[in-house]
Amino acid sequence: MIQIMAVSNENEIITNVAIDDVDFEKLKWWWIDFNIPTDNEIEKLDTILHFHLLAIEDCILSLQRPKLDYYDDFSFFVAHTIDAESFNQYEIDFFIGANYIVTFHKNDLDEVNQVWNTFLREGKILDWDEYRVFYEIMDKVVDNFFPIVYQMEDKISKIENNPEKQSMDVLLDHLFELRHQLLDLRHSINPIRDLFYRILNSHHLEGIKDRREYFVDIYDHLLKLSEMVDSNREVTNDIRDSFISINSYQQNKVIQILTVVTSIFAPLTFIVGVYGMNFANMPELNWDFGYFIVLGIMLVLAILMIAFFKKRGWFR
Amino acid sequence: MIQIMAVSNENEIITNVAIDDVDFEKLKWWWIDFNIPTDNEIEKLDTILHFHLLAIEDCILSLQRPKLDYYDDFSFFVAHTIDAESFNQYEIDFFIGANYIVTFHKNDLDEVNQVWNTFLREGKILDWDEYRVFYEIMDKVVDNFFPIVYQMEDKISKIENNPEKQSMDVLLDHLFELRHQLLDLRHSINPIRDLFYRILNSHHLEGIKDRREYFVDIYDHLLKLSEMVDSNREVTNDIRDSFISINSYQQNKVIQILTVVTSIFAPLTFIVGVYGMNFANMPELNWDFGYFIVLGIMLVLAILMIAFFKKRGWFR
Amino acid sequence: MIQIMAVSNENEIITNVAIDDVDFEKLKWWWIDFNIPTDNEIEKLDTILHFHLLAIEDCILSLQRPKLDYYDDFSFFVAHTIDAESFNQYEIDFFIGANYIVTFHKNDLDEVNQVWNTFLREGKILDWDEYRVFYEIMDKVVDNFFPIVYQMEDKISKIENNPEKQSMDVLLDHLFELRHQLLDLRHSINPIRDLFYRILNSHHLEGIKDRREYFVDIYDHLLKLSEMVDSNREVTNDIRDSFISINSYQQNKVIQILTVVTSIFAPLTFIVGVYGMNFANMPELNWDFGYFIVLGIMLVLAILMIAFFKKRGWFR
Amino acid sequence: MIQIMAVSNENEIITNVAIDDVDFEKLKWWWIDFNIPTDNEIEKLDTILHFHLLAIEDCILSLQRPKLDYYDDFSFFVAHTIDAESFNQYEIDFFIGANYIVTFHKNDLDEVNQVWNTFLREGKILDWDEYRVFYEIMDKVVDNFFPIVYQMEDKISKIENNPEKQSMDVLLDHLFELRHQLLDLRHSINPIRDLFYRILNSHHLEGIKDRREYFVDIYDHLLKLSEMVDSNREVTNDIRDSFISINSYQQNKVIQILTVVTSIFAPLTFIVGVYGMNFANMPELNWDFGYFIVLGIMLVLAILMIAFFKKRGWFR
Amino acid sequence: MIQIMAVSNENEIITNVAIDDVDFEKLKWWWIDFNIPTDNEIEKLDTILHFHLLAIEDCILSLQRPKLDYYDDFSFFVAHTIDAESFNQYEIDFFIGANYIVTFHKNDLDEVNQVWNTFLREGKILDWDEYRVFYEIMDKVVDNFFPIVYQMEDKISKIENNPEKQSMDVLLDHLFELRHQLLDLRHSINPIRDLFYRILNSHHLEGIKDRREYFVDIYDHLLKLSEMVDSNREVTNDIRDSFISINSYQQNKVIQILTVVTSIFAPLTFIVGVYGMNFANMPELNWDFGYFIVLGIMLVLAILMIAFFKKRGWFR
């Protein structure tokens, strides 16, 4: 679907026009939104709006890396959004020219709809232009990363504290998945962050200057996001190392128990085996207190063994 | 609570005035402190002081990343302090203008109170201006990080030397927690450090120049702090690796004991089992010295086994 | 084989000429392709085309690092292609001069053949020059890296999910091999990426400027490739760490079973051994219910043991 | 103790003067050394020499980070020396002004004494000035790091080769300590290295220019030291990883022995147990060759077991 | 030994002159080679050639870090060569002045001899000058690193594939040694690489400009070498991690066998022990089929055990 919103030279809002019928000369500035466009509609990027074929190709191809290209008469910007539930990545493309902005996205994006409706509802025509539209959408795109990162931090805390007493292999599986998602998140956030750095220090996008503090604010949030993602990856790393350490310590304890049990009973079982032999000539067997002497010896042996391991600190 | 401290054009200290009653024209310079402000008081940032809405928004939102923004007529600086006991992070915000400083914090901060009282007590009016206030507060904020880092170094030494002979899983837990805190500390200190680098090399904050060596001194302490935190993280890393190594070495020793015990007694127990069988026709059982011959053979076997493991160095 | 394609000053395509017969003066621009050249043909780089000996040496030597050298009258560019199936690396060398391009490769390369045929088929003489040839070949070279990386991502997913239930040592072997290939891939892609950065910011290759957006597009793909390779290496790293963690956890479980079994049966086997001894005087043996009392004691012992380990959480 | 050495305008060496009696006007250049100064003497930094309070504070505080501050009329430089035996770190501070140098250290430092004596002994007055003093001391300070690093390399070699056959946990302890010391060393050397880089590229210290090659020589040694420290840390890392690998390999071997012994004797011990049962009706017991048949079966079983494990490569 | 080679102003080659007899005025350019010089000969660096004492000191001291110093009237360059067999590092020093080059090395170096002989043999006097000498030697020095790196790659492959079926601890030892050598190699190659970058971008060595493409060619090889070394270190790291992973997986398998064997035979051995007891009143012993019933029960138990472990996937 292609939607148009324009402000005429007489400061009137024009909307609900078909793209083929627009008289661009009469417009102060305009915004065209390509929302899940058909192939037919995509062609209008070329036939009516005359954008460069490489930029159009980048729109069509799915999941481009976030990027910013300066063409002769417009700038082309690609950003990602992430769906908080499905963790799907979506792409949104911007063409920003002298007095227009074109947004292009193959999925219905809340961020765009909200801005569209805010503008219509507020009706403060003089406060808006194409850069305000760009700022408002990107502000929402970036803000929407925060709940995702917070949600991941919660998941990490849950793995760390393990309130549901899940077994370690389940936790390790979650951890691995989280690390993968943090990696994906980094690959969406960091390039956008770097592009905003370029935007803030570029002479190409003139309209940015008038609202510099607003775009600095977005850049700031991107810095914070990028730090949070890196920090969370470090924490997951620490958790895993910690799991391995504790696991290896516990294994040590278990093997100590095994060794103590074996070391105590192996000699005792041997001794009782000796007197279970059926040799005809075994003098001890006929001693009156042979049985009780052997029991006594075994008791002493067991106590010595336990004392030995206790001294080595194995029961601590 | 909003508190005001000002120096009039006649070099008199003015305090105890309500913010709505101040005549800013008559002041040489002034300092307003928003200490745990009510919503009502926060509004005065906009209605009376006319700061940019983005800066006010950053005040209201909790735990912003440390930052420095230059607006047209003032600079906005956000720093963190950390409570040494609870390890809570608090935020302090500064608005620095042509002849004023505004401090904003949602928690009662010792650093601010101390400076406030020092100024009142000393009364050296001519030595102070808004940059002196900024320096004195930040100097205390940064100095307060040191006891926290020293305290962490003590904890690390305690884990390293383990005077209370705690078990390794408890130590590993402490270590993990310390690493997490060091990470948080790094995320407070490093951005402030980088902002001070910017402050020292910027032309926006004119008043810095006159006291450059003082701000260099703070920057220096931040450098030292940042190095200490990184170094401590490396040491915790080393401790953990060392724990794992030693644990794995000890496990080896335990398993060697288990293997020695098993290897010695398994064949012996088998032999006595053989002569415990009840076959009618077992010639050895009726030999005169059968029992003693078997005992002798087992002794030799045990000695050979022990010699074998000794040669392999398992008892070292 | 040496093939020639040229556009004369009269805009006619000239092909099928022997290199010794070309009259370079009459050509607007020309392209000579050295495809698996014989030693004899290689010599013509010197005798007829008069290239610098160092550049010719780089052609002859196999698997040079990707590089870009500026000579007085031409630029020399070396890139790699990788065969998706055999994972063999091939080299392609470009000499780009004022009005010509020379391509040199010791293997038949699809990328070159496709461009050659496209030009002949399309026949849009005015749209092409030597830089167009360079762009078209490099565009294909870079695009051909994508299926290779996608294929590796598939292999990684397969190791991660292990649908064929292969044993862990086989998976670890695949993982090691994949990591090696990713390293090789990085050593082909990253230098080309860096060279394109230099190309885009250099004044040596004048013809690039007219098609800057096209070469930026290639650079962009190289950035994406490089990020994908690094990210995949991180994922393989995570998979291996995850394997080790899970393995160590499982070993713990197995050793717990071993310890439980040993701890339960070692004392029981000892007890039955005691009453298997053949001492003449063992009062219990003649008690009426001696046998059943011992059975009962052993049952209680076993239950206590199991309860002990259950309480320790070993059966969770 | 405060010692003074000065060269008068008439090129005469003046020494043995009390600091309060010096007429600085008559001196071409001078050097004052504060060696383990009393509180009283420290005050003279302010009262007589009029240095900035921040610099004096840095003198008093212990173990400042190595630093270089430019004040209006002097430069302030802090370096560390390390005692080769105790591994204690000491601080030395320099104030370098237009025609003077002041050295300040709370410990008696050989480096300073040597230079002091060399100057007095040589008496080549015209060859020396305050920068020569600075160079000579720092040259010695930096050269003194080398034996420390060499000594650490020797210790590392000793851990690697283990000539005294110490057990692995002792070696790991040494290794951990060495890594800690290398970290401390890095924190002394790297900042000094970076400061010398700044010194060499600064316009503040004019006297450096005339002796640039000498200070480059010191910088060079610092580069070498820094590389040696980093390389040694990498080697200790490798040693530890190597220990862990070898330990884990050896454990494997030990567990294989345990498993072989258990696997051979468990079934055999079971079999002899079977024929140790006292059932009235056990036909085999009365066979003529029952005993020998069972012995034979057990022999075959044992041989099969050994063959099985041999085939699996467990005895390699 | 000191050898001299010079080209006179009349373009004649002069050689076999003693250093004390040379009339430097009459020479267009000259090359003096100090090959394993005696102390006496070393002194001539100062007395006859008048080089700066710091540079001479660097010649005398052994195994300086590769470096490049610009003195007033000459440049001083230190490089390393490595002997492919002994892995010994040797140093070669260059003094390059307005019309001369002096080479200094304490070991007989093939690289120098080859260039010396080539020049004499070729006799193309006009093609050579002091920079040509420098290029030719360094070209050989750098080329000689390649066989060393290739040889290490072969050793790494051999460890990876282990054709001689060596045990893992031997392989780990080799690996550790290789990693150490790669570290040493990096410390020779990387500084030379960085110095060549400086050489190529410096205005000090005027003669480089005329042969820029030749020195770029050397720099290129150094880049390749440095990448190879780093990549090989990463591969050795991967091999070690892979060894540890596989080792830990195999240990798991071995412990599973141990646990299966123990778990099957411990209860069986207990049962036969029960019926080996000598109680007077044990009813089962007198049942007709008691023996066979017990055998049957034990068979069922064993089968259940095996089924249990099979279901858990331990035999996969």
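To keep things simple, chains are lettered A, B, C, D and E as they appear, and every chain counts its residues starting from 1.
To be clear about the criterion, contacts are C-beta pairs under 8 Å (C-beta built on N, C-alpha and C of every residue); 3 or more make two chains touch, one makes a residue touch a chain.
Chain by chain, the UniProt names read as follows: A, B, C, D, E = Magnesium transport protein CorA.
All figures in this text were calculated on a predicted structure; none of them were measured in a lab.
Trainee: If you take the chains that touch chain D and keep only those that also touch chain E, what is left?
Mentor: Correct list: empty, since no chain touches both.
Trainee: Going only through chains that touch each other, what is the minimum step count from chain B to chain E?
Mentor: Minimum number of steps from chain B to chain E: 2.
Trainee: Between chain A and chain C, two touching copies, which fits better, same or different residues at the interface, with half of the numbers shared as the threshold?
Mentor: different
Trainee: Measure off the straight-line distance from the CA centroid of chain B to the CA centroid of chain C, and report it in whole Å.
Mentor: From the centre of chain B to the centre of chain C is 39 Å.
Trainee: Measuring from the mean C-alpha position of chain C to the mean C-alpha position of chain E, what distance in angstrom results?
Mentor: Measuring from centre to centre gives 24 Å for this pair.
Trainee: Of all residues in chain B, which are in touch with two or more distinct other chains?
Mentor: 244, 248, 250-251, 255, 258, 262, 266, 269, 273, 276-278, 282
Trainee: Once you draw an edge for every pair of touching chains, what topology comes out, line, ring, star, complete or other?
Mentor: Contact map by chain: ring.
Trainee: Mind sorting the chains in ring order for me, with chain D at the start and chain E directly after?
Mentor: Here the ring, read from chain D toward chain E, comes out as D, E, C, A, B.
Trainee: Could you please specify the touching residues of chain E with respect to chain C in the complex?
Mentor: 213-214, 216-217, 220, 223-224, 227, 231, 234-235, 238-239, 241-242, 244-246, 248-252, 255-256, 258-259, 262-263, 266-267, 269-270, 273-274, 276-282, 316
Trainee: Could you please specify the touching residues of chain C with respect to chain E in the complex?
Mentor: 52, 54, 64-65, 67, 69, 71, 165, 167-169, 172-173, 175-176, 179-180, 183, 187, 240, 243-244, 247-248, 250-251, 254-255, 257-258, 261-262, 264-266, 268-269, 272-273, 275-278, 282, 284-291, 294-295
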